[in-house]
Amino acid sequence: MLPVESAKKKLSFTRCIQDGDLVIVYERYDNMKAVKVCEGSVLENRFGVFKHSDWIGKQFGSKVFSSKGGFVYLLAPTPELWTLVLSHRTQILYIADISFVIMFLEIVPGCVVLESGTGSGSLTTSLARAVAPEGHVYTFDFHEQRAASAREDFEKTGISNTVTVGVRDIQGEGFPDEFSGRADSVFLDLPQPWLAIPSVEKMLKQDGIVCSFSPCIEQVQRASETLRSKFTDIRTFEILLRTYEVREGKMDSFQVEESGSVGSLPCKRRQRLSEGSNEQETTSASVVMARPCSEAKGHTGYLTFARLKCLS
Amino acid sequence: MSENKLHGDAVENPRLTWDGCSVLLDINDGDRLVFSRLSAGAKLKIGNKNCSLQPLIGCPFGSFFRVENGAQGPYLSRYTPSNEGNSIQEQGDCQSKDELRDNRALVDNNKAQSLTGDAINEMRRQGASGDEIVEALIANSATFEKKTLFSQEKYRLKKQKKYAPIVLLRRPFTRSICEAYLKKYPVRIGFLRMDTLCLLLSMANVSANSDVLVVDMVGGLLTGAVAERLGGTGYVCNTYPGGSPYPMDIARIFNFGEEICKRIVRSPLADLFSVQTEKSKVSSHNGDSCSMEIESNEQISSTAGTEEVSLASENMMSDLIPETTYSVERKSSKSAKLGEKAPHEIFSLWKENGFTSLIIAAPELDTWSLVKKILPLLSNSAPFAIYHQYLQPLATCMNNLQVGKMAVGLQISEPWLREYQVLPSRTHPCMQMNGFGGYILSGTKICTNN
Amino acid sequence: MSENKLHGDAVENPRLTWDGCSVLLDINDGDRLVFSRLSAGAKLKIGNKNCSLQPLIGCPFGSFFRVENGAQGPYLSRYTPSNEGNSIQEQGDCQSKDELRDNRALVDNNKAQSLTGDAINEMRRQGASGDEIVEALIANSATFEKKTLFSQEKYRLKKQKKYAPIVLLRRPFTRSICEAYLKKYPVRIGFLRMDTLCLLLSMANVSANSDVLVVDMVGGLLTGAVAERLGGTGYVCNTYPGGSPYPMDIARIFNFGEEICKRIVRSPLADLFSVQTEKSKVSSHNGDSCSMEIESNEQISSTAGTEEVSLASENMMSDLIPETTYSVERKSSKSAKLGEKAPHEIFSLWKENGFTSLIIAAPELDTWSLVKKILPLLSNSAPFAIYHQYLQPLATCMNNLQVGKMAVGLQISEPWLREYQVLPSRTHPCMQMNGFGGYILSGTKICTNN
Amino acid sequence: MLPVESAKKKLSFTRCIQDGDLVIVYERYDNMKAVKVCEGSVLENRFGVFKHSDWIGKQFGSKVFSSKGGFVYLLAPTPELWTLVLSHRTQILYIADISFVIMFLEIVPGCVVLESGTGSGSLTTSLARAVAPEGHVYTFDFHEQRAASAREDFEKTGISNTVTVGVRDIQGEGFPDEFSGRADSVFLDLPQPWLAIPSVEKMLKQDGIVCSFSPCIEQVQRASETLRSKFTDIRTFEILLRTYEVREGKMDSFQVEESGSVGSLPCKRRQRLSEGSNEQETTSASVVMARPCSEAKGHTGYLTFARLKCLS
């Protein structure tokens, strides 16, 4: 996923899909799937059977056809697409929270970032992109199986050189001492983040930043209280993404005759609904219209940021 | 450490300032935000005092300073704040009941203060510190004792801000630059909010080694933000229709070292197409090379001219780029050059490979006409993100891309950001908020040849 | 008490139900919402049981019922819930730590329950109450003891909803009708959200004695909401371009007495204009009066026809108007007639005085063409409010009104509503929300003759 | 303000401004003022001097001119306009919260409503409209002066037959016993609403509804906790109004020449900015465009509703 791991993998007009590549199979905006290309393998979905061998040598972004003539698009993976296709082992963070966290934590190439818990690795993937090529993400989850699955995923997406997954109960034990004073930023997604804060203080470089993600306001209140002794710039945000649906539609243009008199117009009969209506003229113009989708996520969580006070 | 790349190659510890480094000065907890370039001669006006910024050189980012009265006049002195600054919050908990008590009896008629302005000036002349003045004001306030603890703290904070201002030294990052401009001079950055900007970067998959094409009509903020993410790898190509490049002064506020500055290039849109169409053109471009180089320098100076014009009309934003420190920047020219004309060899590479990302923040151009032309420059499967203040241009563009089968994963989204006050017994969303962050159209380009 | 007007003149205490009264039945705390008209014969299907609604007659609104197994089969029995129902919330506080404990060890493989479906049916046959079945299920769950207290309560609640459903008797008001339709059948009410609807009523200054002109393409919800506010004074005139009135069945779900029903009238838009232009037309209208009356009756029956059509396509909303109870309503015809053709005498009054308010909820008509024609029917200084799902038609309309100097105080607004879960240690905005309530253009008509 | 108080005051084409009427003088959407018309009086503002005597006999909604030729509009008062012009003795409620409260409290003509505190009377005015003609609003404020000012306002706006203002500390003393079991709905805007809830339980008719407005979440948490024993349907909302600005604007339509060659077009010189630009053609079309205002109220308060359990 990160061109950094192999310069040859960089997206370009000449870069073609190869055996072993990870591709995102795009059916529709709400239906995508990650597939590892394997000569001899096939993908079967409602559009038919797709031979992987047909894909090899095609550019990313190509439309490919099934035996039945159905088609899908093959896209190059990005952290954003990955977030839409990864397997949910936990609640995951989505693009709005992710992008805000990375900017607010001031993560740039070369940074060292600590994360707990790893969860499904949705944020981790974006963190890896942000610190690459020379920085590193150390991510921890107390759940052994979950950490192992995350490791597999990071191999698959090609970010394993940039990410190290550890099994550790950060709330109980804190981050490992070896990272003391080495972290540029720390991200916490824990039920009781306040328990991890003393460890975060030790890990952060001076002026470093921590972010805690919590769904409930009580968690925010308690974490903020704990942060106040050693941190400054304590700020809490909530971010949501509102999406719009676009349609090309017609709007009836309604007109009442100026005279307003009943039955004065010998107008043509139209559809049944407006039959008997002598006062109405209908004209239509096609326009592109957009409106917010009513199905929306109402809340994901609160993001609390704080910067370690500079006391030296 | 690659981080050095980001903060000037000559610097050993990017967590300390250096002579010539660009800093963000946060005065009184966000009340005033000033971008400055540190140097022996740089000065900052705080209240009615002109203070040298020299004492800030070599200090860790995150340090606090306050104005002290020295023999040679007022100067900035580093200090370590105790937890005092948080006392409102910390006392809040135990006084939540107190706070809820009403203040029926309190009549605040501004006559409660018996310490006159003259008396305060006299104290100053005698070398009293700001904190001493604040204490004197409290001692001479007739109503202070009658206030609730919470109101007392509010009063103290207000006086502290006026008589003992605190300056906090910050590294300029995309987030602070964006936040500062949005607060003080939103028009210059096209009202681009920080949360919208970071979505653009994510949606366009800006990552190390990317070749990012940008149309940046937001003063260089977008270009700088992309360059920050590239960290000295790949390229950000700032393109523009017509003959005059858009200003990118804001990109200069970032503390970019030479490595990163080299990766910020610009090119007229027409040149990108001409390279695309004819190989011969490229060599003819080679012939123009020198004159172009000169032209590019001219552009820089003409930009500087423009800058002064805008500075003149920018009294309201003098806080952001004080003229004094700004001229220092020009003279010392410590900051590496950025935004040079794109070199020819990478032109051919772009032609061959296409750009890997596209971001457009061009509120004054018609979105669809621009996208229609610019999209072929993108590699297939490359993501793009387009910012606009109005919904309709993006809706039209999205519809046309859909109908033309030029892209998939198309979505118009609007970020909705809310900041909270989290204090014991007083937690709620902030009462005043920037309620609109603009719209983004995002998607992925697909192959059109099959 | 004038409240009686609102709830049928024959009823002494509007806080008790009566034979023929319209009620909202809330099953399992909002899981299912059913509007019914009470009668001896009305039935409601709960789970797989058909229960008579007879026991609900004469009960106070707010009463709870549950299904008991009687000699003649299952019946609805009134009961007073203890505070059990709130136990999740009340225990939440002391177990906040517990709740935060992880459930690493818990494997929920759906094999934890040893009580079979057959065994449950056998218990039922032996007359076990729903609560007894729930207790048995808990006793036979292998994982129940391992769950956190919070998860235990969640499990209990889930089983209670299935085996011991609770029916809550509610008065149908605008808010509950609107909320129920939005949840189950939003298209029918044009996605009109409760908060948007109440803004329309406020912005149009709907108050006692108002003459409110409405264009209601939202099934009668708007007409009913206005009538509720008028409380048997003034008039709500439901107008429509063309020859066919829009359906207003939803207005019949309100428990309106005759007083209020009389105040709900309808009129083709053209008639309002013809009255306006020529006095003679009015008398010619008088001549048509009888035939119009008949026509109006025809319209009602044709509406009834339409209704069945829509009912047929409304399987997904059968919860809202179960066919059984609906046919009961038709037969008993206990509800007063509403939506008659406006009488001629008030036509002239409207001509003379103008309407005092205008509300438009007509997403399928072009806003500006409609407003341009309809606005002259409004008295000067009368406020209006227009609902739409799209911004552009309102923006165009607002711009034209401004340019034409036809109105002042023009504003387009969009309500933004958020519901919260407030529970000890678990307070946050609801995760799922209806994220869009539409747009409103509001303003005040001004005199155009000077 | 309410036509109910005098049928003759109802808005109509024939109803003219009379001596003693309350009018809303409209300068701009953000600049209005309530004025009692008084023969012989004048209004002076930046547009000049307006004689009240010029206003008498004009219809509501008329444009009237000053000596200098400046103009304003004279509007009939409504609760919505009143909310924009009243004098702020306290923080007031605005239309979004007000209209939601009235609908959610199921207030209809004939209802008896209790309110505390009265504050500046912004909500009270809308409550009065909702219960008129036969219902009544009993509103209480502990602040004597504030209650007196509110009474004056209600006289002025003509709703004093529908509203009674009492001076009372509801948090400390509860509502007066005379209202026991008589209230259809109760509205609380108090710093410690939980203190008043036991009294609310007594006042409400069975199945009646209470609403508590609080800016802070801690107040909501505590009130909700107190409500749980005797109330059901406890729900908390927040409502905001987003306003849009509309402008008629031009959008540059940008075109790049298909050939893409430099210097191939002998096109006319335009303004300095695009000088030397041979690839750009600019066409403009005027369109009406709307976008949200960025200056927005971020929060007013939480509205917590609850319905008295029916136990009889």
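All chains are identified by letter, namely A, B, C and D, in their written order; residue positions are counted from 1 within each chain.
Keep in mind that, in the parts below, a contact is a pair of C-beta atoms (placed from the backbone, for glycine too) under 8 Å apart; a residue touches a chain by one contact, two chains touch by 3 or more.
For clarity, every value in this text was computed on a predicted model and none was experimentally measured.
Counting steps between touching chains, the shortest path from subunit B to subunit D takes 1. For the pairs A-C and A-B, the larger set of C-beta contacts lies at A-B. Separation between the centroids of subunit B and subunit C, computed from CA atoms only, is 49 Å.
Mean C-alpha position of subunit A lies 37 Å from that of subunit C. For this pair, subunit A with subunit B, the centres built from the Cα atoms lie 25 Å apart.
A straight line joining the Cα centres of subunit A and subunit D is 40 Å long. Chain contacts: subunit C has residues 391-392, 418-419, 424, 427, 429 touching two or more partner chains.
For subunit D, residues that reach two or more other chains under the stated contact definition are 217, 238, 242, 289-290, 292, 302. Note for the complex: subunit C touches subunit A at residues 96, 100, 102, 104, 186, 191, 241-244, 268-271, 273-274, 276-277, 281, 364-366, 369-370, 373, 389-393, 418-419, 424-436.
Of all the residues in subunit C, the ones that touch subunit D in their complex are 1-6, 15, 60-64, 80-81, 83, 85-86, 89-90, 93, 171, 173-175, 194-195, 197-199, 201-203, 205, 207-210, 228-233, 352-354, 356, 379-383, 391-392, 394-396, 398-399, 402, 408-420, 422, 424, 427, 429, 439, 444-447, 450. On subunit D, the positions that touch subunit B within their shared complex are 142-143, 191-192, 215-218, 238, 242, 251-256, 259-262, 273-280, 287, 289-302.
Per the touch definition, subunit A reaches subunit B in the complex via residues 2-4, 7, 10-15, 26, 29, 59-63, 73-76, 78-81, 95-96, 98-100, 102-104, 106, 108-111, 126, 129-130, 132-135, 184, 205-207, 217, 220-221, 224-225, 228-229, 232, 234-244, 246, 248, 288-290, 292, 302, 304, 307-312.
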